[in-house]
Amino acid sequence: MTALITLEGVNKHYGDYHALRDIDLTINEGEFFSLLGPSGCGKTTLLRTIAGFESVSSGLVAIGGKDMAGVPANLRPTNMVFQSYAIFPHLTVAENVAFGLRKRGDLNKAAKQTLVEDALDMVGLDGYGKRAAHALSGGQRQRVALARALILKPKVLLLDEPLSALDKKMREQMQVELMRLQRHVGITFILVTHDQEEALVMSDRIAVMFEGRIGQLADAETLYRRPRNRQVAEFIGKMNFLHADVQAVRDAIDLEVQGLGRLQITAEQSPELRDTGPAVVGIRPETLGILFDGETTDRKLVDGVVDEVVYYGDMTYYDVRIQGVEAPLNIAMKNMIGRPVLDVGAATKVIWDERALVLLK
Amino acid sequence: MWQKITSSEKGRGILLISPPFIYALVLMAFPLAAIFLFSFWTQDFMDVDTTFTLNNYREIVEKPIYGALLQRSLYVSACVTLVTVLLAFPVAYFVSFHVRPERKSLWLFLITIPFWTSYLIRVFLWKVILGFNGVINTGLINIGLIDEPLTFILYNVNAVIITLAHAFAPFAILPIFVALEKIDRSLLEASQDLGESKFMTFFRVTLPLAMPGVVAAVLIVFIPTIGDYVTPELMGGAGGKLIANMIQTQFLALNNAPLGAALAIVAMVCVTAISLVFVLLNRRWLKGRS
Amino acid sequence: MSLRVYAIAYLIFLYAPIALLPIFAFNDATIIAFPLSGFTTDWFGELWTNTSLHTAVRNSVFIAVMTAIISTLLGICAARAGAMAHFPLKAGIMGFIMLPLVLPEIIVAVSLLVVVVQIFDLGLSNWTIIAAHTLICTPFCIAILNGAFQNLDPSMEEAAMDLGESRFGAFRSVTLPLVMPGIISSMLIAFTISLDEFIIAFFLSGVSPTMPVYIWGLLRFPASLPVVMALGTILVALSIILLTIAEILRRRGMARAGVADKGGFL
């Protein structure tokens, strides 16, 4: 893997507001990279810094080994799909796609036309070239924006919340199409999104950002299973948190966990923490279970009482109180034949496994 | 240096706003300051005596003619504003609430057209309508309602008010229309859902929400009418002259520019003060809305 | 329903004076009053031979064209700065530039007269009127152009730059075509206002009068009134044509930018 984009010590201030704080980041060639975070976390600012629409207050931005300081957006090897798509309403679809080819003196009219047709073909809009841009649907606009950017063969395609304007069904369809397209063209995609599912589904690696900083940089599975800290764990998916006391750190880690008692986890399950003392363990709802009548398990059990039942069709979410823990545990159960939906107040047994725990800073 | 200015959004903004800002500064703020200064000087035959004096203002206070003219001007402006806004509100309401969306801009277009067409001739035509042998008098005589032409409808303050109210109509309709358009229609449904009649909904929801537009309409009619001298000149007769006529006379006929300047300042201060009081009285409608 | 009747009555009230214009312009009598006596086109014929009127019209057209160009250029600067940039004291500066909209015209007229004649001791000319007309037309231009610029997605220009255009190139290839209808509409409105403006022109005109100042002179002579009626008919027709073009362009601009039409000029 070769590094394509390097950011070193990047800071951005707007007056008193510190939008980016000491960002160090390397993005590789051919990678599908996501910047994920709540609104105002700086992810869009970071993307616009790479595109050349924002200058950095301090630090280095390099693309393909070249320092980008002072290089305006129009001279950078990046192209962008804007959140609003920014399709020029006074031009046709084909004219929009051909917009960036104006300065390509090496291409004659026919060659440009072929490129446009190929680009439209690639995004599934063949035959739409003559349409007026303002008459397109949201999904079609996005495809035009993609074709318009990709026709210039940038080293990096920047996507600023590209799916947020689409309805749920269209969004899911476009997720798959974007992944297919990225594999097809083989260039680096950098996606900005606040939708964790979108980032998890599509990306090779994800940088989760909070308040101008990168909270964690990892692939989807690591991010989900081994979040570094509570902030990341809370932002991605649902997680139960239990107070714990770290008693010994060797190859393995000895813990006393509230409600679950003494147990041991591997060093891998603690991405950050290496000290003894008070800490928090996280456990995902789907790694816990409920032992129904007639079922058996070889895993550990703890007694509990059902506090709340939320039925989702394929799944049922239970809140179960266990001895010694203030907040009830959230448990996700798949609904299956022969498995009843429990009532509030039912006494039950909670199945757990220390391999599912993650120790958080 | 140039690059530094154009590279930031702030720099580009300042660069762009500079030409219109400097223009307004040089051709509005500076001249206004100049007449303010001028009003403290005096005319000495063909020259201007630049010793600071309050004589012009003293003359305005002491001679009853100026106070009377100013009072009449403010009365006419207030009447014109009242008549214009009251007549305009139902039209704005009709266009906003009862005209189909695609027809709205046609209505607004029709309303604005007369406003843009030859002001002088329009004022003169009111003379034709209200005059001795005018449309109204001949019409009324022909249908036998009157025997002699009515004389009280021309060459007095009423004629001035009618003509000005006609001239400023679109100025009143547009801001009210814009305010009405901004009202979320579900608020009206919510009011009725909570038990109010349509009539009371208008008073408890629509009207308060439209007040910013009404206030804007009042200001945009009241302030400029004080500066009109064409209508009183043509329609007012001897008893219908206003402060603007006096300013014009001082400047152009009597060649007493400093006194004219002082009159202009006094008129403007009065109008501004009244406008500010009006805005303050209505501030509860204007708060928290843009 | 009664509201509709009222609105139509109101429109009749608005149009009543204008409707009288052609009636008297073609009336074969020197007195502007009813009853009408007969049909004639003489009054229009007189317009052709009146050379001082022609001079006044030429003056007015020159002033109106210059005013339209300058105030639209200033309007473009202000509207674009207002729509796209943030800078210190923005609201205050914009309000200041819009102030001539509510400034009584006589104040504008006398203050400029004092500055030009008494302070700088310059002569009055068409240019003094152009300067004043530009001041009062700029707020109208800004109001019209604001519509055009604010409907523009700010990422539109960024997209053009991202696709290889320079900042100026992006403005020229994307923004300018999209706001062009607004620009033309702004110029037409400024032209119409300037052509029709009397109060300021009366104070600031030099040796040769503008058309409204000339008409003002004619209004004092009963014998020349039918000619004024004929001239007025032509002017009203011309205004309506120009305004209709401005409105069509404004709507086309809205449609081109893909936004719903929300209202008229202001």
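Chains: A, B and C, in written order; residue numbering restarts at 1 for each.
Throughout what follows, a residue touches a chain if its C-beta (ideal position, glycine included) is under 8 Å from a C-beta of that chain, and two chains touch if they have at least 3 such contacts.
All values reported here derive from a predicted model rather than from experimental measurement.
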| item | value |
| --- | --- |
| Per Cα centroids, the chain farthest from chain A | B |
| Pair of chains ranked first by number of touching C-beta pairs | B-C |
| Between chain A and chain B, centroid-to-centroid distance (C-alpha), Å | 58 |
| Euclidean distance of C-alpha centroids - chain B vs chain C, Å | 18 |
| Overlap residues in chain B, where contacts from two or more other chains coincide | none |
| Residues of chain C touching at least two other chains | 167 |
| Residue ranges of chain B touching chain C (in the complex, touch as defined) | 6, 9-10, 12-14, 16-21, 23-24, 27-32, 34-35, 38, 48, 87, 90-91, 93-95, 98, 102, 104-105, 107-114, 116-122, 124-126, 128-129, 131-135, 138-139, 166, 169, 174, 177-178, 181, 219-220, 223-230, 234, 244, 247-248, 251-252, 257, 260-261, 264, 267-268, 271 |
| Contacting residues of chain C [partner chain A, same complex] | 153, 155-156, 158-167, 169-170, 173-174, 177-178, 255-258 |
| Chain A residues within the chain C interface of the complex | 51, 53, 72-75, 78-80, 82-84, 86, 88-90, 99-100, 102-103, 134, 148-149, 152 |
| Touch list for chain C against partner chain B, complex | 3-4, 6-7, 10-11, 13-18, 20-21, 24, 31-35, 73-75, 77-78, 80-82, 84-88, 90, 93-94, 96-97, 99-108, 110-115, 118-119, 131-132, 134-135, 138, 142, 167, 189, 192-193, 196-199, 203, 212, 215-216, 219, 228-229, 231-232, 235-236, 239-240, 243, 247, 251, 261-266 |
